[in-house]
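First subunit A sits with subunit B, and in the next complex the same chain sits with subunit C.
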Partner chain A sequence: MLHAYAQAFALVFDPYVLTVILCSALFGLFVGCIPGLTATMATALLVPITFFMPPVPAVAAIVTATAMAIFSGDIPGALLRIPGTPASAAYTDEAYAMTKKGQAEVALGAGLVFSAIGGLFGTAVMMTSAPALAEIALKFSDYEYFWMVVLGLAGAVFIGNASVLKASMSLLLGLLVACIGLDNPAGYPRFDLGITELKGGVSLIPMMVGMFAVSEILRFVVHMDPPLKLATEKIGNVFKGMWGLLVKYPWPLVRGSALGTVIGIQPGSGADMAAWMSYAMAKKFSKEPEKFGTGHVEGIVEAGAANNSALAGAWIPALVFGIPGDSITAIAIGVLYLKGLNPGPTLFINNPQNIYAIFLVFVLANIIMLPLGWLTIKAAKNVLRLPRNILMPAILLFCIVGSFAINNTVFGVLLTLVFGLLAFVLEENGFPVAPAILGVVLGQMMEENFIKSMIKSDGDVTAFVTRPIAGFLAVSTFIILFWPIGAWLWRRYFSRRNMPVAE
Partner chain B sequence: MKFNDAVLGAIFLALSIAVLVTIQGFPKIPGQSVGPSAFPGLIAVLLAGCSIALIWRGWRERASQPLVAIGAWLSSPPHVRNFLVVVGGLVFYVLAADTLGFLPCGAIILCALFLTLRVRPLLAVALALIVPVVIHLIFYKLLRVPLPWGVLPVMW
Partner chain C sequence: MRTLLAALLVAAATTAQAQYPNRPVQLIVPWGAGGGTDATARIIGALMEKELKQPFNVVNRTGGSGVVGHDAIARAPADGYTLGLITVEITMMHHVGLTPLTYKDYTPIGLMNADPSGISVRADSPYKSVKDLLAAVKANPGKFKASGTGQGGIWHLAIAGLLKDQGIDPGALPWVPSQGAAPGLQDLVSGGVEVVPCSIPEARAMIDAGKVRALAIMDDNPPALYPNLPTLKKELGTNWKIAAWRVIAAPKGLPADVQKTLAIALKKVYDSKDYKEFMAKQGYGTVWAGPEDTAKFMAASDANLGGALKAVGLAK
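== the complex of A and B ==
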């Protein structure tokens, strides 16, 4: 293991990789800071470039850019009352209220320092638990993998604030998209509509660029909000008083980091969910809950740590099982496959140095977040003044090139357009997009394990639950699946009995 | 543009029926109970079930939710134009990139989009000429993506 870590050090502390990390850090900070450009979009835009890199820098670019973007989303939240990324939305009002009180530097400083600590916490959990989980995962057969995928997908549907029905449909749509092409156990070309390019399946990168970047551009050009206005011009020393906050709020910090990591691990719920839940938790456990919403830093400490730790947490199932924890890791898994680093327990045995390199990148990214984040806050005034009507068209051109670059055909651009429009219409109608992307990424794996299991058991469905781990996973899946229905029936029964308190 | 859930459900139902019809033509694998049609068939059946539930939900709410609600931006001509320019730009690229080349196409798309988003005309034209060159240099020189030259001679 020490040997592998030494190798990992050599992989990461290479001038080329360090340059990639620095550039993607600045890119992530910039993208996160601009409202309307999300961390997921940053990943989608990076993927076409990482396509041309060796595996370690490719993954390093994604890890660094997303960690930075999640922090940097706090900046416009505090200064404009618009979250830069959805992960900052939970405490945007709080941060803005602090800015109004003249405490912009405390709000931003807390965001920065506690983001870094939360990120490091999540990374520590990942470094200790992922190899151990991989040991267990080695014992898995097709049945267990089938249930793991189903469990992951069930999580994606049920944990989130969108309608469960619509989330399920979005997921099923993604699974159907994954069926397109020759890549199925039978090797039979399905649903290719007679288009040669579709025989190989829908290319993941053009699809993601469409769903996460083009759809955002469409949303920008039709949005009718008034122009942005900075709440303050003056930001003091952001590190001042941070030690005091650390001493005053150790529990919110630990609680936020721990909850964030757990939510990150749970497939389908990412940094934004973690921030919402820990903000609510901070308020519940606070000694001064009445101060929440009036510009009180406690919630920012807890939720700021949570969203960054969620990011690291999401990588645990992604690396160990190949099951993404959120839409960012869904994209990252696509990249790992493209690079021949197929995620799964064998990766920990055959290429441990690559896994450890990813861990080191996480540590490094969360450390350099402090100086680079400080610089970004200094430059925030100017970054936020960048006209978005110039930025967005340039990004569109970038999307075109990115989707072309994978197979060098304009068909990629067409896919980007189709999926951009699809994501735009779906979101306008309340269908979340993240389950669809999970469906596309996991569809092939799910089908393979389903078919293999069916063939092995000769069509006998009970084989899916008779192995002990498979049985346990099946029960967990059914609990998640039927929990909302059970809860709904319970509430209904309860409200019938107590008519007066019913809504 | 917001549709009533019943309309959306009907669209999804049509899709799942189309899938179910298509897989009837898929070959069976001799000696095995599951073939290429098993998995998409399972998904389509589930999707059809969800669609019917969505149609039912939309039908119940038909009084409060019209079949199609035109969103705020759809009744504002400038925003509709913005939308069409983005979509049109991508379509234009797909159709014209191989003959015209990346640089002219990029410049035309950017110029159109800048102008419709009300960037000052002089700045718009200047940027529309510079930005494609920068992107081209990054992808063509650095990453060696064979972006089409089209009508222009190979310059670098």
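== the complex of A and C ==
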């Protein structure tokens, strides 16, 4: 094994490979920053280039670019309220609220440092126990996925600081939007109004860009907010205070990284779901949940770590069984085959130096993320100094370009504008938009897993709780859902008993 | 960004063409980045670029089980600057009433690949041959479930058609819709379903990992990857076969000279070492047909699959 690692070191620390890593890091940072261009797209664009590379640099390019893209998606999210990639959407509002309070550097610094730590955590898990974990992930069936999705949806209602009723209504709106189109278990077109484009459903990215960014632009036009105040004298100090955060929030960090890795391993759920779930969890377990949504860094620590660790987690089933953990590894598996690194247990036995080289690339990518991310943030911060009447039209242009690019169709631009308007009206009336987006992310998965489970069990509902893992997840879901009611009853009971004269 | 730029160029440029192609060509894929169709399109695009000295930009137009992308290809101007990689679904969707589009809405350039369906079970399944499996399905209608693609998708049709062919009610093996072969196989291994009919390259990693056992292939010959895999003909004596295929096509009404230029270049791409090696490494089957033969091939596929869809009660 040591010998194999020595060979792996030689494979990675080769000038050509290092150049590839550096270039794809810059590429990933750029793609992640542009709203509408996702980490998945970065991977797809890299594939034709990797045709002409040896195996290790080809995989290194994908690993590095995606890790960078997931981090740099935080930057426009924090500065402009436009999540660069869907993985940043969960805490975009939080980070933007921090920027408004003049704490952009803390938000971005936390995003950067804890992304890197989360990524390293996921990598460490992958290095030590990939085959065993992939084996467990294979035991998950639709029943288990169904409960995981319900858990995620339950979290949606508690994120942010809007009323639970309004958050629930927003979530239901998202679930309704998720029903549109042909991609449902019956393969039957729903709510398509006879428009071919709507048969494909509402794509998440145009919707997300519209709901976050276009609504913000509309708000600016209507209210003419004064320019954001940023503590510009602190340039380059994004690392300041990070040690303090690390000491203050060790549990959110570990929790986020662990949950992210687990979500990543599950086929079909990736970095975006990891971020949503861990953000909700951070609020649930926080000592000061009332601060969430007002510019509080705790959720960013946890969710920022989670989305990067999910990235590494997704590679575990991909390498061991050729089953993609997310849409990025779905592409990467094709590249692995192409390079003769056929996924499977044999990959760990026959050519261990290649697999160790991939591990080392993960470590390296997450380490160089710190200096490169620092430089990117330093450059991007200048955006805030631009007068808003110049900045806002430019952002609108970016939104349009991004929503066009995702599917190369004007229909995407239309969706962005419609959802921007809708989100503006919702937010002006106190409805949060984040639950609606989560509804779209998870709605399809929930329906699919429910229907599949019911077909398999011949309509027997008890199948959802009789499998051991499913039963455990079901109990956890109900505890989380009914905890507030239980706690309320408990308090009521005790206050009655202890203070009978209060009435 | 490159694709975007190309799209803008395509939209802006005039139709005047001195020597085709004199500007970038857009290659639309109706399926998502990362799948087998996408990978095939990207290698074809890269090699066509070398042949015709113009950029070939692969553009994914996903959604609606392929309807959206196929529609986009058919509606594009027939000037040779928008091509598409159309798939077997174009000869299925109109039978089910999802779209009025048929294979006749395209100008075929060439057939590039076909992957026959296999039949796989879990490695610890008691059924060692397709005969045993089908006997068990017949004896216990509704007990076993199958998965591997969406409702009414190609692999669904493959197994339903086979059951019909063997005189078994297709409803005896209920279909569990999935987003594709990979989630279907995962479900097979986790014990959710008992049968996955999908192409052999899709099941390859799981077969090699010792998690899944392939029982048979629905083709005339065993696949190159597993030469010992029996054909249905050998196992059951039936001629039932079905394959997913991929054709490079342009919108209907493509000028004949442009079609000829493209067909010649595409044939060179098909014959190239790069293409053959790429497809062999992925485990994908390669088949070539020129424009006329491709048209005939698609017509035959349309008739076969339409008949099968009706027989199993999926057609409208």
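Note that the second predicted complex is superposed on the first by the 274 of 503 C-alpha atoms of A that agree within 3 Å, B and C clash if a C-alpha of one lies under 4 Å from a C-alpha of the other, contacts with A are read in each partner's own complex, and residues count from 1 in each chain.
To be clear about the criterion, contacts are C-beta pairs under 8 Å (C-beta built on N, C-alpha and C of every residue); 3 or more make two chains touch, one makes a residue touch a chain.
All of these numbers come straight from a predicted model, not from anything done at the bench.
Asks: Which partner does A:Leu414 contact after superposing on A: first (subunit B), second (subunit C), both, neither?
Replies: In the superposed model, A:Leu414 contacts subunit B only, not subunit C.
Asks: Tell me the contact category for A:Ile479 with respect to subunit B and subunit C: first, second, both or neither.
Replies: The answer is neither, since A:Ile479 touches no partner chain.
Asks: Of the two partner chains, subunit B (first) and subunit C (second), which one does A:Asp458 touch, if any: first, second, both, or neither?
Replies: both
Asks: Mind working out whether A:Gly181 is in touch with subunit B, subunit C, both or neither, as first, second, both or neither?
Replies: second
Asks: With both complexes overlaid on chain A, does A:Met169 touch subunit B (first), subunit C (second), both or neither?
Replies: first
Asks: So in the superposed three-chain picture, is A:Phe398 touching just subunit B, just subunit C, both, or none of them (first/second/both/neither)?
Replies: first
Asks: Quick check for you: in the superposed arrangement, does A:Val214 touch first (subunit B), second (subunit C), both or neither?
Replies: Touch partner of A:Val214: subunit B, not subunit C.
Asks: Classify the contacts of A:Asn389 with the two partner chains as first (subunit B alone), second (subunit C alone), both, or neither.
Replies: In the superposition, A:Asn389 contacts subunit B only.
Asks: Of the two partner chains, subunit B (first) and subunit C (second), which one does A:Ile136 touch, if any: first, second, both, or neither?
Replies: After superposing on A, A:Ile136 lies clear of both subunit B and subunit C.
Asks: In the superposed view, which residues of subunit A touch subunit B and also subunit C?
Replies: Looking at subunit A, the two contact sets intersect at 185-186, 401, 404-405, 408, 451, 455, 458.
Asks: Of all residues in subunit B, which touch subunit A in the complex?
Replies: Touching subunit A from subunit B are residues 1-3, 8, 12, 15, 19, 22-23, 26-27, 29, 32-36, 38-40, 43-44, 46-47, 50-51, 53-54, 57, 71-73, 76, 79-80, 82-83, 85-87, 89-91, 93-94, 97-98, 102, 106, 109-110, 113-114, 117-119, 123, 127, 131-132, 135, 139, 143-147.
Asks: Applying the document's contact rule, which stretches of subunit C touch subunit A when the two form their complex?
Replies: Going through subunit C, the ones touching subunit A are 1-4, 7, 32-36, 38-39, 42-43, 45-46, 58-65, 67-68, 71-72, 96, 98-99, 142, 145, 147, 150-153, 174-179, 182-183, 185-187, 189-193, 204-206, 208-211, 278, 281-283.
Asks: What residues of subunit A sit close enough to touch subunit C in their complex?
Replies: 37, 40-41, 43-45, 47-48, 51, 138-142, 181-183, 185-187, 189, 196-197, 199-201, 203, 267-268, 320-324, 327, 330-331, 333-334, 337-338, 340, 342-346, 401, 404-405, 407-409, 448, 451-452, 455-456, 458
Asks: Note which residues of subunit A are touching subunit B in the complex, please.
Replies: For subunit A paired with subunit B, touching residues are 49, 52, 165-166, 168-169, 172-173, 175-176, 179, 184-186, 188, 190-191, 214, 217-218, 221-224, 387, 389-390, 392-394, 396-398, 400-401, 404-405, 408, 410, 413-414, 416-417, 420-421, 425, 428-429, 446-447, 450-451, 454-455, 458-459.
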